[in-house]
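One chain, chain A, appears in both complexes that follow, with chain B as partner in the first and chain C in the second.
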Partner chain A sequence: MQMKEKLSPFQTAILVYLTQSGVTLFSLPRLVAEAFGTNGWIGLIIISFIVNINMILIWLVYKMSKGKSMFEIIAIFPKWITFSFCVFIAVVWMLLGIMVILKFSMIIKVLFYQNVSLIYLLSMSYILTYLLLKKDIYQIAKATVVLFYFTVWTVFLLAFHLPEFSFIRLTPFIFKGDTDMLKGGLSIFTALLGYELSILYVHKIDRKPLRSLLVGNSITSVIYLGVTFVSYGFFSFEQLLREMYPVVTLLGYISFPVLERVENFTFSVFGLKVLMTIVMYLWGTKELIQYQFKRIKTNFIVMGILIIGFSVSFVPKVIKDVDQWLTYITYAATAIAILLPIFLLLTILTSKILNRKAANE
Partner chain B sequence: MRKDRNRLLKDFKLQKEQIFEKPNFAGESILQKFISDFKISSDLSVTEFPHFTVKIYYFSYLINKDHYEQFLASIRNITAEELQSFLNHSEFKVLTEMDSVEEAILSGSAILFTENQAYDLPFKEGKGRSISPSETETVILGAHEAFVESVDMNLSLIRKRVMSSQLKTIKLLVGNKAKRNVYLLYLEGVASEKDVEEIKNRILSIHNDAIVDTNMLVQYIDEHPNSPFPQFYTTERPDVTAYKLFEGKVVGLMENSPFAFCTPVSFFDFMESMDDFGQRWIVGTFIKVTRYIAILVTLLFTALYVAVSTYHYEMIPQALLPTLLESRSKVPFPPVIEALFLEFLLELLREAGARLPTKVGQTIGIVGGIVIGQAAVQAGITSNILIIVVAASAIASFVVPSYLLSASIRIVRFGFIIISGFWGNLGIIFGMGILIIHLSTLTNLNSPYLLPISPMYPKFFKYTMIRGPFKKKTERG
Partner chain C sequence: MNKFIIILFVFLVTGCAEQRIIDDLALINAVGYDLTDNEKNPLKLTVTFPIITKDGKYDRKTIMVEGKTSKEAREKVRFKTNYKLESGQVRVALFGKRLAKEGLLPNLHSLVRDPSIGTRLKLALAEDEASDVLLLQIKNEGQNATYLEQFLTKINRENFRTNYNIYQFLRDYYDDGIDPILPVFKVEKNNIAYNGIGLFHEDKLVEILKPSEASYLFLFREEMKQGVFLEQIDVGKEEQASIMLNYELKNHHIEIPSTPSKSKKASIYIELIGDVVEYTGKDDVSDPKIQRKIEAIITKKINQEGKKLIMKLQKLQVDPLGINRYVRNKMNYNEWKALDQYKSYQDMNINIETKVIINSSGKWK
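This part shows the complex of A and B:
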């Protein structure tokens, strides 16, 4: 069997899922409760639907440009425009990746490893990130699939909570309580971010690009929905609002006959999921920088990104600072996710019209 | 006949002394070259004839003496002209190059030099070990024959199993000084021509003085020489080799090596045994799944013990806690030292057992069993529970059917123990991350190492991950 250097639909779906599934998962049920109130899990379906529309936009870019990459599309602009454009996106994505590493490391330090210095935790993440980042997207995707198998079993741990699940806790009310649909909805939307990176690799997908993207998002949505639904039936609504990281609390209830309180183990396993989010965002950054500076060797760019990332990691001091950073960065990333495909679509359309005019003249 | 033979042997002894005398006939530059090349070879024999200018050179232990004597008897009483016409009409190959003369005589031919030509008299003797059951890859159900050092015998073992004209063989020479034949075998139309070409080029590009075994050869042609994991599948079983040929793989045989290599292979090929196919598919699948669990146990069990007993006591259920604490209380070292000590001792025992003769090996087993089992605990060096853990992971490591993979995994396990001693569970996951990234980027002949898991090909699962039921129709990868 000889392998083509293309992403198979399955790999793409897994890549999208693991990029989307990040640190927000741990606080997701609370975020949903804050945003949509009672039975907020229904709201997740709506958000997931919006993401699907956004994915269709990305697919349209691919379809209308007849398989061109994003860089080929923006090549018609003058250099200074593409430069500032790429650098802006690169900075946002890089900061997002870095803050995700930082947040996960801080959570794990606060919850399980209070005496371990943050530098150790960060170094571990950066070493793993480096190992993946120096490879190309095809290799990253191969590792992603194995990491998926290694982490996906954690979803089935939800079965441990089913005996404690009670429909009464769901309450008969829908979207009641102190809700903040717009701001809250946006914060939940950020939990599904990560799919927008597919604009960089959509042309590398072997076949059925739209379906593989949608399947990826569906996997994320189903898992998010499952976790949120179980949390709604496991915790009371009030409790859910007060839990900082409801999913971590959920994990704490799991026990096996020979091992109990395995949450620090399973939480570390989640780290590998978070790793893929980081790797993909930094990969996006790497691609954008590489496009601007074609002469620099890839390894130097990767090292540069990681060194900058490591240094920036020491600016925020506590999780609250990181959350503040993350809020602004994810807003920017959300804007990129929605506007970038639209902008590219417009570019393709205008260049087509201009070409046609030129041909007519 | 016997008398004849004795006389001939006497002749040989006399002639041996004359071997390196300057030939008394002219125009035989190939003979001169031959003589200068084989200058100091006291084991080289020569037969000369009084009535014609012919010399036959050979290594007496490489040729079949009976055949040779028959040949001598047939030419002894003929004239020089008759001999020439006999040689012209015989099937003996004429050798024109010095290289081919050298190759022929070293592979067991006698070389007959006439005034201006050299003839290859193939009286090769198939001396060597007879076929015996495999020691490294034993099976309960299935054929017991294993390869031997003679490549001809090995080829015959494969030909017997793959009776098809589509089985193609390519002969290559490896090594600068000591040349050795390597045979590449593949089924035409089943194996990829690209693979054959690639492996051929890689073997031809080796410029090394001497490669003595298949397991050495494959390390010269693999893509990731610094990985601890074996990338070419080597086996000494002809039935496995035949099976791999039918799967579309390229097989390599090397002269004087009882191992064949197969490529392209994935990690899961190392987890297979011919026994799986002899069993009912449900049993076979169960055994395969057991092996995957065994790999995880080998890799992580001791590491998990170290992590839990160093950092995560809360993970142990209350009922088990007193037992563990009691067994740990006498031990003065941290768990990681204790575990490394015991694991290292076990590796020593294993290595000692592997090199020693069977009878002495048993003594090692008893000494090791008593020292590790009883004395270490009583002396307070290790805890009881750790012994169970280490024993379990050692047993699990022997479940892996491939000796090469089993050895790699045992090495990697030490990494996990050390890292879990530093960072506990987080360290284990970190190590797992590195291992996964490493394995998923490995390749063998440009084919991914973790195929069909990554990249994912679910339709091959039933041939690799599990042992699916046999189909009446053949499907190929």
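This part shows the complex of A and C:
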């Protein structure tokens, strides 16, 4: 390559948004209701704010290291430390990506295609994932822009629910009912995960990295907030707690003059968003593995990840198992999201101090 | 190489999908639930689906079975037809009166749990047995399910904003400040006719309002936008006239005076603007003076009849107007949870304040 390609701020924002918005969206309003109780959509704003702080940490890593990549920063450590470190993160990210697509496939199977084999649905998504993963981040980012325009119109479907929306149903009570702020809040936080991957590409952003990251998170938050808010006025509170996938019900409620049960289509379109989540997580995994094994061809790594992923997909048998896996994996991923930038910041600071000392001596 | 693998995959994976040939499917379009006297199999399930007869005519088939639960009965239906049953096209679920009095929730749960059934599934009550309505052969009508579906859509669109689909019913059921309602149908001279509104206390049918009473109920419900007012009114001494208004509901709100401890009062304000379509009195309706007089008479009538209806609702402990929602929104959470909602609703003094404006007397003076 003669000229080094860079991610434009717009592409970055969309990349962040599409990585974030994944399979949790379908149950999000219920999760919010379980966590924060009545008018829980306000809680979503708080969570989004925490994510913004985390993004600032990631940006600080970039700023303090003067544009170095994560791998350049951790290069000061001995090989065996970086190795176990990278492999751990790689495994978590890989499992997260795989479980997300597995859960989506399972939901789509339960709801719409009961007689279609899971292998079929998974194979389709893995083929698409492979096609995207073969390329580098710039190509993926370009594809996300296309997918963004493909999927973003679904937000406007919320307008169909306005006739049934009622402010009276929102109730004046704030955060009342059975609430579980900590555990529930964490599960909502995981719905916004995906931004932490930006630590791998923050140095590749053309300009205004912080702003593009924040814009990405804002898009996700606004969409999440919109969906949750509409759900609160569309469903009654107790009903919302009982809806397994409120967003699927929302989609199912839309009727067009000619078509009946359009949700089968719209839900499949949502699959593209979920696809980007898995692609980005597996991309993260690929980058980490590639860093450790520089000699292996990228294509083999991608193949390896996908084959392992495909096999792991058959370990959890039912949605319940997947949910169990997802809970633990997302906890690990949350810890990575918060601790990784802090750890990198400390590394930069100590190496700076050490360098200064060395220079003084 | 890659392209080859992908093409290979595309062909291989198509083999996994199952085929469904539409001619071999029984696309159920309506189900009916009834209670039977049979103790072992208390539920009677009626399903109807369209078929194409051997000589190519469009017909329907209705199957009736008894079972313990709705899904068990559905299994029995499976043994009674050569087609493959599909419930993805169910448009109407009809409940018999006796079953509705026992409570709809168990059956609704099995409907809403089934992912193949849509959230827009329309619900209705049968004044007698749901199976009677579904089994009825109306000449030249074809599918009873389609007939009912159209009927329900019409009712909803025309002037009764009944909350009739499964999502709306469950929403109002789970909302702690409002009770659901459903339209009632009955078999009448080889025809299916609308016959009022069923009032629910939680998920149990309590009472069926006659269509004339029901029209007042809808006047006080917020979703109502326009309708027809038809009533006998007293004009002058011992003189009665029939009047019909096409009206628009201009304003509707329910107010609860915010007294901190107990809100025992509620007021419903409505404002109607109407055009006279029929008037059988001797007076000249185009005369503004007479119009004002009629306005006053109608206002009085609505207040009177409305009050009667609301007293009835309070006595039955049903709140289809959702007055309790307004009470709730004036209280704090602990007060609301401590409140005996139906008791306080019963004791509440609910006022109706109506304003009727006659817009025109039609195109005849």
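In this text, the second predicted complex is superposed on the first by the 357 of 361 C-alpha atoms of A that agree within 3 Å, B and C clash if a C-alpha of one lies under 4 Å from a C-alpha of the other, contacts with A are read in each partner's own complex, and residues count from 1 in each chain.
Convention: contacts are C-beta pairs under 8 Å (C-beta built on N, C-alpha and C of every residue); 3 or more make two chains touch, one makes a residue touch a chain.
These numbers come from a predicted model, not from an experiment.
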Side-by-side fit of chain B and chain C on chain A, or clash: fit
Touched partner set for A:Lys176, first chain B, second chain C, both or neither: second
Chain B versus chain C as contact partner of A:Met124, first or second or both or neither: both
Touching partner for A:Lys208 - first (chain B), second (chain C), both, neither: neither
Touched partner set for A:Ile108, first chain B, second chain C, both or neither: first
Touching partner for A:Val146 - first (chain B), second (chain C), both, neither: first
First (chain B), second (chain C), both or neither touched by A:Ser255: both
First, second, both or neither for A:Phe10, with chain B first and chain C second: first
First (chain B), second (chain C), both or neither touched by A:Leu132: first
Partner chain(s) touched by A:Gly271 [first = chain B, second = chain C, both, neither]: first
Shortest CA-CA distance between chain B and chain C [superposed frame, angstrom]: 5
Chain B and chain C contact sites that coincide on chain A, given as residue numbers: 112, 116, 120, 124, 127, 131, 255, 260-261
Chain A partner contacts - residues on chain C that touch it in the complex: 6, 9, 13, 16-18, 88-89, 115-116, 118-120, 167-168, 170-177, 322, 325-326, 328-329, 332-333, 336
Residue ranges of chain B touching chain A (in the complex, touch as defined): 192, 194, 264, 308, 312, 314-317, 320, 423-426, 428-430, 432-434, 436-441, 446-448, 450-451, 453-457, 477
Footprint of chain C on chain A - complex, ascending: 38, 110-112, 114-117, 119-120, 123-124, 127, 131, 164, 168-169, 171-173, 176, 234-239, 242, 249, 252-253, 255, 260-261
Partner chain B, residues of chain A touching it in the complex: 1-3, 8, 10-11, 108, 112-113, 116, 120-121, 124, 127-128, 131-132, 135, 139, 141-147, 149-150, 255, 257-262, 264-265, 268-269, 271-272, 275
